[in-house]
Amino acid sequence: MKLVGVSGALAGNKTSQAIYDVLAAARHLDQSIETELVDLKDYDISFATGAPVPYYNDDTWKVVDKIMAADCLVFGTPIYQASISGALKNLLDHFPEHAFKYKVTGIVATGWSEKHFLVTEYQLKPVLSYLKGLVPTGNVFIQNDAFDIESGELVDDRVVKRLQSLADEVLFWQKNINERRKG
Amino acid sequence: MKLVGVSGALAGNKTSQAIYDVLAAARHLDQSIETELVDLKDYDISFATGAPVPYYNDDTWKVVDKIMAADCLVFGTPIYQASISGALKNLLDHFPEHAFKYKVTGIVATGWSEKHFLVTEYQLKPVLSYLKGLVPTGNVFIQNDAFDIESGELVDDRVVKRLQSLADEVLFWQKNINERRKG
Amino acid sequence: MKLVGVSGALAGNKTSQAIYDVLAAARHLDQSIETELVDLKDYDISFATGAPVPYYNDDTWKVVDKIMAADCLVFGTPIYQASISGALKNLLDHFPEHAFKYKVTGIVATGWSEKHFLVTEYQLKPVLSYLKGLVPTGNVFIQNDAFDIESGELVDDRVVKRLQSLADEVLFWQKNINERRKG
Amino acid sequence: MKLVGVSGALAGNKTSQAIYDVLAAARHLDQSIETELVDLKDYDISFATGAPVPYYNDDTWKVVDKIMAADCLVFGTPIYQASISGALKNLLDHFPEHAFKYKVTGIVATGWSEKHFLVTEYQLKPVLSYLKGLVPTGNVFIQNDAFDIESGELVDDRVVKRLQSLADEVLFWQKNINERRKG
């Protein structure tokens, strides 16, 4: 079973660190889980123009393929303008209808202010639901001060636990989906 | 007074046509209004990385400047994945806090299905509100079959009237704002 | 295992009919499932005033208890003012934090216009998520013309199938939750 | 010109206090403004059943009439279950389509946690917009600790200023609407 984490921030390391931690927690829970972190900072994704995927550059291909091939997904986004990043929204624009059917799609957001706690509920969850992903109950919002300024690591234990619970929940639902589809 | 229309579709001509029609209606209502259509298809906008605007390419600069210099704005978006286009969201990520304060910011959306009628209410209006734009009451959703397939023109008179009302409303609020700020 | 359906319409029979059909489909899928339809038309629910449940009238007690005792839930709402009914929102106001933890909470909506297709996504799902319910991927919006005017029954086969799939999905997730919690 | 404030909380005094303060600020800005506070605690509003208003009790009649007769409105809501109060939603269910056309409809919310800052943006603004109210740019969220525990008064000056700005904005837009409609 493969869990792919997508970090939708082109600036800073908080979002990718948080996604990295979810993936590590998943491997810790079940050593048979394969994980991969797709950090959008490392790829040159084309803007979606409505053309089919083959018309886009190699990086776009590669990232779309990795996500389609994953069993389950965790999307990380920074909060920009009280919404998700345009870079992440553009990536999601590349997928066909129902692309996330039979996939669990977890959410992690990082932002400066608790005022934006509900952003993913209204700006990202409806998009994942449109693509037919199952969104877990334990999505995680992380205020930026939960990260250590120097090391960049998460130093708030409650947040660390919430990321572990999210990993656990994603794996649990996905295993049930996979078993049923095999059966 | 200047009204800038932004078309956030990188594919097709429906969204830009609709924005064009709002601008034409505005000039018809008041010949002193200057208008400009910023069609994102014509610009190579950088992805927002959190860097200040001067670090981006010339097109990004130019478009951000045009929008900041406008008195009022109309944003057009296609519906992708039950949300606005990633290209438009990315453009909006380039603006500073409160960028649209004292600006009226109208909305036009084009989509295949009436099921997505509420997309702009939940996916675009909150972003414009975060940037402090005044969102009019008469935003317009256009189903794609309101356009003539061959000419690409709007052939549904009710839609044409709604676009005219939107132009009227945008100009009305903006004139009141401008007068008060002069006074 | 018990599935409780809640119909949040105080007028008409469309919403309760749709919920009735989900419950029947669930019993058809698994004859060991117990079901109950809580039709808010049959109960005199108090307005939530912030007082603890014991301060409210007997009907309020009874309905809150039925819902808390259920394994899983399906909520039906008519669309009023591009939102859920105030009667349903008021009922939901009576529950404690995390009331729906470990419960699957499905959604069915009935309305006149496809324009309101996204209402439950934005107006009901976030409330169920706040209460920690797991919201399935296959929630159902039913346009009123899917009901036969005379008999009041659902005559659109695609809708009937979607309600069956919803029943199936609710039972599937709930069984997995219950098994894990026993284990 | 008349400004009616509606307090949608059936428990506590924070929401009604905040609305009271908006009304006082409005009268201070323009002594010709008539104001009235409709506190839902003082009225026994019927649940909306789809019947026309005359079928409801006297209090429902009275409150609907007061709101329809107002030039402009400010709605106050407590945050319940990460949404507006069911009592307020039920009141709004009594209005006909486009009931708030040509009315400015401001929003004030009171809640325990900044995490719910965006609730009115997504749960109340779309309802007011559906009813065709013009929603100002300066809606106010008040965390409960901005109120003095003993006196119940607002003791956070930044909040007081935001309520004054909201009063100013509501009056400004409404005067422009009224003048145009007379003209």
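As written, the chain order gives the labels A, B, C and D, with residue 1 at the start of each chain.
Assume contacts are C-beta pairs under 8 Å (C-beta built on N, C-alpha and C of every residue); 3 or more make two chains touch, one makes a residue touch a chain.
These numbers were taken from a predicted model, which means no experiment stands behind them.
Chain centres computed from CA atoms place A at the largest separation from chain D. Set side by side, A-C and C-D show the greater C-beta contact count at C-D. Two copies of one chain, chain A and chain B, form a contact in which over half of the residue numbers belong to both partners. Chain centres here are Cα averages; for chain C and chain D they lie 29 Å apart. With touch defined as above, residues shared between interfaces to two or more other chains in chain B number as follows: 82, 118, 122, 126. Interface residues of chain D, counted against chain A in their complex, comprise 82, 113-119, 122, 141. Looking at the complex, you find that chain C touches chain D at residues 10-12, 47-51, 80-93, 95, 122-123, 126-127, 130-131. By the touch criterion stated above, chain D contacts chain B in their complex at residues 101, 118, 121-122, 125-126, 129, 132-137, 172-173, 176, 180.
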